[in-house]
Amino acid sequence: MQLSRDDLLNAYKRMRLIREFEDALHEEFSAGNIPGFVHLYAGEEASGVGVCMHLDDRDAIASTHRGHGHCIAKGCDERAMMSEIYGRADGLCGGKGGSMHIADLSKGMMGANGIVGGGPPLICGAALSAKQRKTGGVAVAFVGDGASNQGTTFESYNLAKVWNLPAIFVVEDNGYAEATASAWSVSGSQAKRAAGFDIPAIEVDGHDFFAVWEAAREAIERAREGGGPTLIHCRLNRYYGHFEGDAVTYKAPGEVEKVKAEKDCLMLFRQRVTEAGLLDAEALDQADREAKARIDQCLSEAKAAPAPTEAALLTDVYTSAY
Amino acid sequence: MPKKSYRQAINEALRQEMERDERVIIMGEDIAGGMGAPGEDDAWGGPLGITKGLMTQFGRERVLDTPITESGFIGAAVGAAATGLRPVAELMFVDFMGVCFDQIFNQAAKFKYMFGGKAVTPLTIRTMYGAGFRAASQHSQCLYPLFTHIPGLKVALPSNAYEAKGLLIQAIRDDDPVMFFEHKAMYDDEWEVPDEPYAIPFGEAAVTREGDDVTIVAFGRMVNMANEAADNLAKQGVSCTVVDPRTTSPLDRDTILETAEETGRVVVVDEAHPRCNMATDVAALVGQEIFGALKAPVRMVTAPHCPVPFSPALEDLYIPNAAKIEAAVHEVMSGVHARAAE
Amino acid sequence: MPKKSYRQAINEALRQEMERDERVIIMGEDIAGGMGAPGEDDAWGGPLGITKGLMTQFGRERVLDTPITESGFIGAAVGAAATGLRPVAELMFVDFMGVCFDQIFNQAAKFKYMFGGKAVTPLTIRTMYGAGFRAASQHSQCLYPLFTHIPGLKVALPSNAYEAKGLLIQAIRDDDPVMFFEHKAMYDDEWEVPDEPYAIPFGEAAVTREGDDVTIVAFGRMVNMANEAADNLAKQGVSCTVVDPRTTSPLDRDTILETAEETGRVVVVDEAHPRCNMATDVAALVGQEIFGALKAPVRMVTAPHCPVPFSPALEDLYIPNAAKIEAAVHEVMSGVHARAAE
Amino acid sequence: MQLSRDDLLNAYKRMRLIREFEDALHEEFSAGNIPGFVHLYAGEEASGVGVCMHLDDRDAIASTHRGHGHCIAKGCDERAMMSEIYGRADGLCGGKGGSMHIADLSKGMMGANGIVGGGPPLICGAALSAKQRKTGGVAVAFVGDGASNQGTTFESYNLAKVWNLPAIFVVEDNGYAEATASAWSVSGSQAKRAAGFDIPAIEVDGHDFFAVWEAAREAIERAREGGGPTLIHCRLNRYYGHFEGDAVTYKAPGEVEKVKAEKDCLMLFRQRVTEAGLLDAEALDQADREAKARIDQCLSEAKAAPAPTEAALLTDVYTSAY
């Protein structure tokens, strides 16, 4: 299968939009303008976008605490997301969720999740629902390396396998869970663990959009055809701290800088498509400018948006009479 | 009207809702049984046979056996509910909630609020609770107070087969996550239950006895103990109102407060552990809202603050019963507690 | 006396107990940090730096980082406690209890009873609770009512740094499993805290204000709100007693009832969700035990029945505060609630 | 390493005692003399005894709902166990625990467990304690095939590995979890799952005492020497229903009878030791008679023992002041 010029440009735009979104939030947090816990996805864009390019609204994803990138990749409105992170009334969740709970079920985005390992069981359900309702849909859980040790994740592997669900588990292994290295916390390996459940595993360089895209294509095709679950082990890096405010002293000096210089997913993508003559530099520069402008706009509108009022406090607890 | 057991009533509710709406699926450990096994299919219907026969009628696609993996499959039910199905998951004993509570209280219960109202999670979790089965500390707890504490959940506690059917149908049709508690000591007991489907609305108490002297508010199986106590007391000249709230969340505050106001004396009966339970919940409510109408302190009849013992000799002492309720009623009638001067 | 933050007080308690007794070990996610990583060791000391420095002093053998695997390591703490160690495990946020509750409430809490008295499980679980941090629905809950409900557990809720140190030392020395709740909004606040180790016994309330008109019973961080309210009210001529029970289980019923009896008016303040919480627990207790002494209904000041909202605008409305407590005190003083005729 | 004549006779006696214990309970339950849920270990004796022969009181085991065999194998007093199952005051747990919660910490028996998957985390703790206190002890969790799917079990594998604990996981795969076949519910295999965590696995025929004994020897030696966890996958069969009262319609007709006839662990043991001239038939027959007499005695004493009195209801909730 081949990516069209439009697909490529779209992929780049999404990745760039995520990067701008996260870079902006980093600035904003440092300036004290954003409250709460904020976990940034910068550096990992090729994973979310490479996977979600294959999905449409009938497909579901479950995200993690590091959810902004997955949201944008799955088509959530970045303007409403920004307001959500600022706790505004016009936020994607009315300001009630915040960074850790952004969701848009109409887009198949089942939510960022404050609970590590919360997502995998949920996507088993979404996959079951798609199978039962014969929508042809699949469901994807993004799983951190830390989350890959959580019992809920293993249970979901087994359930997806014995129920033969159209489920994909994307382990985004950025080398760390908070300040703990996956080299220590993850015994065995992601691929061996998948093998423990007779689930096929694909290992990819998560900085390489094309590698991720290709792995996801294979996994999602298999799932849509009734072939059951796949685990994709994506090695990548986060550029900022675990959460904003983290001094990141556990990493080696220069560790992140080296990745940025050598493996940045946007840089690799640009090299690849320009060298192959698939997109020209000008189109990419243009996308960069547009992304920046868009995020600036989102930011200023979100900042100007009003906070929710007291009336909102007790709504949305129940759907039917209470 | 035909007599049916609590077990039959639940089975019938599931069957009728599955017939009505194909989005309704059920899942749980050995909810049919026999997966991968060489012998009989539908071998169990759950450990106590509640779901027996449903797999034969609806097939394995809608009656899903699961591995022993409560976080996995309860979470899957949550995810399925958020994406177009109406799953009824069986958490075999509520005592097992400790391995899967997150998916219930942090996910299902909070989706709607966290997502700004844009989620609907029509999930029902059926679960067994209660003492009396000689099932010991890890298979006899009530624990509905823990679920009642959580905003976003609804909690149903049917006290008889009629309620079991009607509340379960309501739970399945309800667009919010519902915890449905089945008392394991009632499965074989029979009551009159209509054949046709019917839903009992949540948050509407039943008044099972009417009287002038004391209002007894009781939950789940304890409603039957309260009725028994009320009947005994009537013979002794003490006339009681018995209120069966049917759901603890939502709670029918109005009926509780109105009947309490009429009698001015209240006893609350709860099989759960005594701290932060439904007895304290109702007693505090009554004390706050109709203090002026109270003629005596609100008394609570509950299990003691200890795990459920295995030995039948001890378990029988552990569970609240009609005699304990009667004693509490006599106490609130005796007016031993003087009132402070205004 | 030296001033120390809540954070420092906790760190000091851990350090002193680890110095005193080598069976005391601590474990948790990034409780030191840096495992397997190329950079700094002891990189975190927990997400908010509470355990910083302990690994340097006691080494990785006694300060154990864990994978993200709460059932696994909380269960390991339970097993270690039952076999000769005195572990202090950190459940980072109490909101995460849903993935590991079983090991706490079915295992640790019940060992002694189920095993006929022949188990000792000196386990402490430290955990963060409470709203105000803009941490949203899954990182802001109180949930101590759920643990208070469970027989076999003890539950400590220090309201200041002095109590934090003394109650944590007691928890570690205690032979029963203890849930130790740290309010995340207090870590930077300072109080006078002695340098030497001291234990505050469980089940003994502190009376932080003495007055004649109203007794305010408040829990955890809310004690400070209650003190603030009492000070404001004093200026308005209303004199309040403030009771800080310090532990919800055991609960110092005597101090609560005695002070309530003296004033005849009670307000209970609980940051937790309103159903089956500590406010209902204490209100029901007071209503049952000293009804005769009450001059007004017991009022409850709690969070509303909804998840904790993220938006600061909403979260500030969500949390009980001094103004709400003052309003409740004025209400119980106003005597609007008529009393029924005897 | 070699088993002495005494060891062999002891092993046989233990296995036979368990069998008699369980057979007697089966009768008693059918006669309506025992309340509650009772799960019998008959058929699986070679596993519990083959493992526990290597253990002493400094070593801990965590059992399952099917715990009687593990208790006896670990040295719990069978007389007090019997009283416990009858809910008597002189039961091993004062009648408060019953069949599902028999324990004796002084023997390193951390309890039968009503929660499937409850044991593995506990033995990580016992193993940690042994390691920390340098007792040389190890800890063993018995895990059913059904329990092997529980998230707590996987978490324990990983924890035992990354903490390098002297922990052994014995998966007693009797082919069924309640009415569900492990052929369906366990995707992959136990050995592959262990490999997922870089934990060595040993597969044994659980009817063969000598195979179990040898596997356990290897695993426990490794653990004592600081070599970390091992998983032992024991295939075996239970002779009675999941719990007493189960009609066992999910098994094939004759399935259990065939196992009894061909692979019964007591029969295999007897064949092996008599053929090799290690023990004579008379000694074994004598052991059989003793076991039967002992269980008869336990039964009649337990039945005659008094129930606990009201005073016991509220004791043993807390150790220190409450």
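Observations
So that you can tell them apart, the chains are marked A, B, C and D in the order they are listed, and the count of residues begins at 1 in each.
Keep this in mind: contacts are C-beta pairs under 8 Å (C-beta built on N, C-alpha and C of every residue); 3 or more make two chains touch, one makes a residue touch a chain.
No experiment lies behind these values; they were computed from the predicted model shown.
Of all chains, A has its CA centroid at the greatest distance from the CA centroid of chain B. Averaging Cα coordinates per chain places chain A and chain D 45 Å apart. Chain B has its Cα centroid 40 Å from the Cα centroid of chain A.
Averaged C-alpha coordinates put the centre of chain A at 36 Å from the centre of chain C. Among the residues of chain A, those touching two or more other chains are numbered 91, 93, 95-97, 101, 113-115, 149-152, 155, 158, 162, 184-186, 317.
Multi-chain contact residues of chain C (touching two or more other chains): 67, 69, 71-72, 95-96, 98-99, 102-103, 106, 110, 113-114, 136-138, 151-152, 305-307, 309-310. Taken as a contact graph, the chains are fully connected, with every chain touching every other chain. The part of chain C that touches chain B in the complex is made up of residues 71, 95-106, 109-110, 113-114, 136-138, 145-146, 148-152, 248-249, 251, 264, 272-273, 275-281, 283-289, 291-300, 305-307, 309-310, 335, 337-340, 342.
Across the complex, chain A meets chain D through its residues 149-155, 157-158, 161-162, 184-189, 192-199. Chain C contributes residues 29-30, 33-40, 43-44, 47, 65, 67-72, 95-96, 98-99, 133-139, 304-307, 309-314, 317-318 to its touches with chain A in the complex.
Note for the complex: chain B touches chain A at residues 23, 25, 61-62, 64, 66-67, 69, 71-85, 87, 102-103, 106-107, 111-120, 151-152, 154, 174-176, 201-203, 250.
Chain contact summary for the complex, chain A toward chain C: residues 35-37, 87-89, 91, 93, 95-101, 113-117, 146-147, 149-152, 176-186, 243, 248-253, 255, 307-310, 312-314, 317.
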